[in-house]
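Take this structure first; my questions come after.
Note that the chains take the letters A, B, C, D and E in the order they are written out, and that residue 1 is the start of every chain.
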Amino acid sequence: MNASAFTLARAVRLSILIFGAAIFLAPYVFMISTAGKAQSDIFSSSLSLIPQHWSYIQNFAKALTRVSMTRLLFNGVAVCALIFGFQVMIAIPCAYAMAKLKFRAAKLMMVLVMLGLLVPIHATALPLYVAFDRMAVLNSYFALVAPFTISVFGIFLFLQFFRAIPDDLIHAARLDGMSELGIIGRVIVPNAWPAITAFAIFSVVAHWNDLYWPLIVVSNQAYATPPLGLLYFRAAEAGDDYGALMAATLIITTPLVAAFLLAQKRFVEGITMTGLKG
Amino acid sequence: ETTLTVHYPMPGFFKDVMDTISKKFMEENPDIKIQFANPSATYEEGIQLIMRQAGTAEMPDLTFIGLNRLRMVQERDLPVDLAPFIAKEGDMGKLGFSDNILKLAQVKGKQVGLAFATSNPIMYYNADLVKAAGGNPDVPPKTWDEVIALGAKIKALGNGVEGIDFRWQGDDWMFSALLFGAGGQMLGADEKSVAFAGPEGLRAVETLDRMVKQGGLPVFTAQAGEQAFFAGKVGIEFKTTGGLRNTIKSVGDKFDLRTAQIPLIDPVKGKLPTGGNAVVILARNAEKQQAAWKFAKFAAGPYGASVVVPGTGYVPNNELAAKSPDYLGNFYKANPLFVAGLSQMDRMVPWYAFPGTNGVKVTQAIVENLSRIVEQQATPRQALEDAASEVKGLLPRS
Amino acid sequence: MTALSLRGIEKSFSGNPILKGVSLDAGPGEFIALVGPSGCGKSTLLRILAGLESADAGEIMLGDRDLSPVPAADRNIAMVFQSYALYPHLTAAQNIAVPLVMRKLTRAQRLPLIGPLMPGQRKAVAAIKRDVREMAVSLKIDHLLDRKPGQMSGGQRQRVALGRAMVRRPSVFLMDEPLSNLDANLRVHARGEIVELHRRAGVPTLYVTHDQAEALSMADRVAVMIGGSLLQLASPQVIYDDPANIEVARFIGQPRINLFPSQIGADGTIAFGDIRVGLHRETVAAGAPVTIGIRPEFIRVSRSGQQGLPARIDRIEFLGSEIILYCRLDAIGETVVAKLSPTEGAGLAAGMPVRLEFSADRLFVFAENGRRLPSTPVDTATMRETAHG
Amino acid sequence: MTALSLRGIEKSFSGNPILKGVSLDAGPGEFIALVGPSGCGKSTLLRILAGLESADAGEIMLGDRDLSPVPAADRNIAMVFQSYALYPHLTAAQNIAVPLVMRKLTRAQRLPLIGPLMPGQRKAVAAIKRDVREMAVSLKIDHLLDRKPGQMSGGQRQRVALGRAMVRRPSVFLMDEPLSNLDANLRVHARGEIVELHRRAGVPTLYVTHDQAEALSMADRVAVMIGGSLLQLASPQVIYDDPANIEVARFIGQPRINLFPSQIGADGTIAFGDIRVGLHRETVAAGAPVTIGIRPEFIRVSRSGQQGLPARIDRIEFLGSEIILYCRLDAIGETVVAKLSPTEGAGLAAGMPVRLEFSADRLFVFAENGRRLPSTPVDTATMRETAHG
Amino acid sequence: MADAIAAAPPIVRKPARSAAERQEARAALVLSLPAMVLLFVFILLPVAVVILFAFTDYELGYAGFRFVGFDNYTELFTDRTFRRSLWNTAVYTAIVAPISIFMALGLAMLIESENIGRSFFRTAYFLPVASLLVAMATVWQYLFHPTIGPINALLALGGLPRPNWLGASTSVLYSLSIIGIWQSVGFNLVLFLAGLTAIPRELYHAAHVDGARSAFDRFRLVTWPMLGPTTLFVTTISIINAVKVFETVKTLTEGGPNKASEVLLFTIYQEGFVYLKVGYASAMTVVFLIILVVLMFLQYRVQDKQVHYS
């Protein structure tokens, strides 16, 4: 119980963690160092992390001015928020029903969910693209958001977590007069915060970074998402100028890291099922 | 007023170029507005985009297509035939479009586009390493034997330095450089039999094999090779002249960069493949086609070329541009690195485009067999024979 | 004011029958204590009633409304769960308020940000807060209202669970051992509160408890459930003084009733020591084995004297206000348990020889199948005379 | 055979002091019942002892080994959790076996696939199985051994939790209301098993219970904890008959002790009705307010007669083997609770006038600060004479 | 006799069950309806189109197509690339899925039992998930560079052999696996961290008291079984994600050298979008889906049986 004492086990634990973190972070060290290098500085035979010509200002200025970063970030936020909002609103009730209610279609739905998990967007992109074109909704937030409003990943994730919530809690809620939606909102969601936070992180990260689908449905810069912007940027401005590219990458990754830092607190204040005895 | 949507690939090379050209074009043609679709990263992705968008409202009015992929686009009947426009124009030569140059963008006699940027393979070398290895940087090697010998010496410098980087990955273009340089052909005249497996082909792959065995050519991915060269860790590099501007930027002042002609296995009969792309009109409506033609002509014309060449390293696709001091006449004097590509223009023949629907697969099969040679998993002969039989299987049967 | 009635409720878990056709009627405003050994199906019965579990067979009526098709949320039943089932993310106050919020506020009024803007919301919320506080005060948890369940003691949690059920005005109250984790004083206090609430609400109440004092003192009627069947449903007095069944007699009463095997004499009476009881309205063959039962508090212990059966004290248990004596009968070697007041028990010690007197009018007789055989004492003097005569 | 000793244990939760310096010695093999109102810190104390929570101050010694730095797993303490804390994924048998598996099998023998290949593993596992079954039989859950906790009733789960603690031979037993969800018969049975086990194991045992009969009948000594302090630690008899403190007196005894305000008379004695008690060894000023206490079972109720104080029956509570009478004293309007046996209570009814006689030698006197003032009855006749004289 | 019948309890029907259960089933359907409709529109319907395409010779860019029956499937059987691709995918999955699962689990436990730097460690391991691969590919390219890369520079310092990570057909799949693990550990870590919060502290207390001395014992006794649902999820998702590896291959190796890093999704992409043979690629997709559905379903069923829920 004396977690703060410095024991051998703790020393081992800390060294493993630090060593691992160093390895995991190594690419970022390179990234940050590169973001400060001029193009001719980047590929050199000496293993120098400190840029020879200090070019942070130029590279970041390039990244911030050549593409409309505010527009990109706004689009990214809007698209991710819309997607996440729809995903949780749609996946949570479905997962709740599958986890806690008895009905015959549940088995079939499980199969469909598994199937959905397996289908890569690459496989369905073409039919969806054609359909969206026919509906004349390409180049819109709708096109960016619609196919992801259903997250089978989310359904599966929530399903697994909801199944761990004691039935008695749901029973008590029913007796207290909650509708099934009320139970979801007032009992399930507050007790599944860690799972929802995890999902939020994944959803936001995935769609913030998604390149494949925006590339297909967006040809109008007004709807470009950050990675698409990065791609144009790389294509248009940076070419093989990795310094500017890394600077741009840092700019669009930082919001995600900040969001993660905020969200991960949810894991600390985890819910423990202490309301029950037995 | 007409608005044209223009799509182009490889914006890293072309973004600035396109912006400059379109700005100038719109100044000269105030009734036409150019609007760019999102550029695609590579030729292949560009084609994908066009194929997907074919027939939809999203389809651009003009696009730029890799010269060896024109055939594929034509087979799907996407490009507008430019013959009527050329006929109306009268003498194209006046505008700098020689027949040779027009031919680069013809498929089976049909004029599907106008060559916009053209390239050929050249030799880049690190003069510092050459000097260190005891060579004379002012007298670059002229034959493959010399290249290989020099490569071996450079490799011998040690300290992680490699002799040669040869960009064999990705497509069959650099293989063509060896093959055509030996006077070889890809397919027979009937396009039904494989011709590259003959003696010329064998000499080509043997040359590659010798580069690996003796010249210090390591197994590199395309980017790795380039990066190593930028870093000053490779003596000699063979790749398109189109990458020249980027190479200059990436090398900076790390070492003394030079360029030279690529050796030919057969200096007499030897030819070189033409890289690059052509502007293709896709617009279906007559009014737009008219405007598109104007733009295509302008972009591929002398003004366009005078923007493309310095900005990238491509060779001029327009004779007027190359010679006239109004355009590039003085440029080459001031920029000797760009001369290597220019000086090889007379050897340029079309980049061979394979018939049938398996065109891309064919090039892939060739590259894969080349990789066996580079990795020394197969003898040159064996790899060549395998490539031949695989390619044969991929050619249209009828 | 509606009555609750269960008809033939059956339930099995994976093939094991747990409830074997339980029928029970609770009048409007009746308080029924449901008792039975651990695992006999009490909680299951309550859960079926609440609509949380479905019965395999049977019918539940509230007044003349069939509850079966009504989902749990609409049955308007308040229940205290044996496991408490508190919402771990809510404070005690919020836990208690939930049923009120659900029923007193409209859907719009419950919305997080918009809710407070709705007309009447503030007043309703204030009223709920008041109710919750009142409830908390009466259960002595008002100082804990801001704590979450994880920060409370077992008994405190139980009281929150109780508060959550009691704060409502439901059509039925179900309580599953709501006081098991409370200390005696608090239990008596809470008992009072429950009875008071029940009196005011006047709705049928089913109350599961293992505390017999609770069952007997609070309930209008006590239902004894053993082995999945309801063995007796009667007033506490009847359950205790007139058990229908040996199992009921054995289950109710602490310390447990003393049981001795015996048989029906040739004259149709049963003799036990120097007392003798006769049966009425019963035709049991002479010689049939029966069991005789007498509750520990009806055994008088004297240190001297000639009356009663000789025995020896095995062990004395001190329970504060009473003393339990374990004696061994000299004659038959059986152990007899007697309950004495401290005054009566003063001076007794283990090993002492004593005489045990049984009140003949408190003797129970049970047939071999467990059924109670009504009996009356037979005056032994008279008997002896007739026997001699 | 080692003694357990706690010295000045203090603990507060977010600033609230919960344990205010608890010290307690349990001899080797001593059984101590820990009682106190809900929320007074009993569970917290046990958890500190077990090493699951750290005390803010204080010292825990087992024999002459300081337990404070020993991690919970190495303290070799068996504990029944108030919330059971069963492993939900293990069957009853596996749950009970855990402590044995952890202690009797080597690390290698416990490994999933390789374990059974280790020498001696089969024998050890068979021995564990046997122990588990024996334990289950003695707690009457042997038919449930293959069930998981989710498929058991509340009382069944509690017995599994109990079995898990009892199956071991620890150096200390801690039990937190281990029988609260069992019916009376089972509780008596389990009580017997626990006492038996304790006798065999001979290790100090701390037993938290809300059931006073349990505390008084099982324990060698009873510790009464109220408001975070140990008010009295003594044998059951002493706790009950000689409480040190008004709080202890009020807490122990069911129904609760009757308390009446009074004051010390001019002659240093205290009069209550027609009885009068004197204090010894105490110098309390005349006129000082005191509280008089008498337990319900020491009140005699007579329907007629001149002895005792006149009162009227308010309410009668039937508890089976006893009857609780709530009477109001005519003179001072205070409610008095009396406990009668069914025989004594026969014929009484609410509203009846009665006379209540108090045994003077059972009267407790408490000072204003709650401390008990030892007292002896004073013969009223003598008193009156002296007064008149 | 008649009396006996009359006296029999009148109720033996069981309306209770069906009515309540019907109600519950209806609620369940209503709650899952939006999800199912969208699933149908955005996943099932397009998949149906893909299945249809698989019976045609449809090529991107051509206006029409012909139905060719099972030709695409028969071709698939003899396709060396497809088989190679299946094998590579299997190897990649066999490396990446288990390592990333156990590494994530181990790290999650270590981070949770450590009380300093939790936020830092969580973020450090999560960072790869949050990063854009297009950019990170460049970084990896450099890190793995055979001559100027820092990894090989370090190996050289240690006098170790310097593999040609992404360049050689012998090592490319393992190099990609390293990147795959780097990318997915953080992902799994977050899931495990979320899963750990749902384990009641009481169980650890019980484990301590029961004599689970070492952290490993407590892990075996409490953590591992209680993490069952999470582990099932993580396993399923890890396998699926590993099988769906695409972006690293596309950006770093293009399947090369000589198909050494050819993986399923890349092959399908290549066939469909580079070679433009949509019909054939669709047939591949269908086979890919069938294999996976069967595998995943078996995995899920087997594992689900061993998982304890609440």
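Here is the rule we go by: a contact is a pair of C-beta atoms (placed from the backbone, for glycine too) under 8 Å apart; a residue touches a chain by one contact, two chains touch by 3 or more.
Please read these numbers as outputs of a predicted model, since none were measured by experiment.
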Sort the chain pairs by how many C-beta pairs are in contact and tell me the top one. A-E
Of the other chains, whose C-alpha centre is the longest way from the centre of chain C? B
Averaged over CA atoms, how far is the centre of chain A from the centre of chain E? Could you give it in whole Å? 16
With chain centres taken as the means of their Cα atoms, state the distance from chain B to chain E in Å. 40
Can you work out the whole-Å distance between the CA centroids of chain A and chain D? 56
Of all residues in chain B, which are in touch with two or more distinct other chains? 52, 160, 227-228, 231, 233
Got the chain E residues that touch at least 2 other chains? 21, 24, 142, 147-148, 200, 202, 310
Mark out which residues of chain D touch at least two other chains, giving numbers and ranges. 51-52, 71-72, 82-83, 86, 154
Residue positions on chain D within touch of chain C in the complex are 13, 35-39, 42-44, 82-83, 151-156, 159, 176-177, 180-188, 210-213, 216-217, 236-237, 240, 250-256, 295-298, 317-322, 324, 339, 341-343, 359
Considering only the defined contacts, which chain D positions touch chain E in the complex? 47, 50-52, 71-74, 76-79, 81, 83, 85-90, 98-99, 102-103, 107, 110, 148, 150, 164
Show which residues of chain A lie in contact with chain B when the two form their complex. 38-45, 126, 129-130, 133, 136, 138, 215-216, 218-219, 221, 224, 228, 231-232, 234-241
Please name which positions on chain E make contact with chain C in the complex. 9-17, 19-21, 23-24
Given the complex with chain D, which residues does chain E contribute to the contact? 200, 202-203, 205-214, 217, 220-222, 225-226, 228, 308, 310
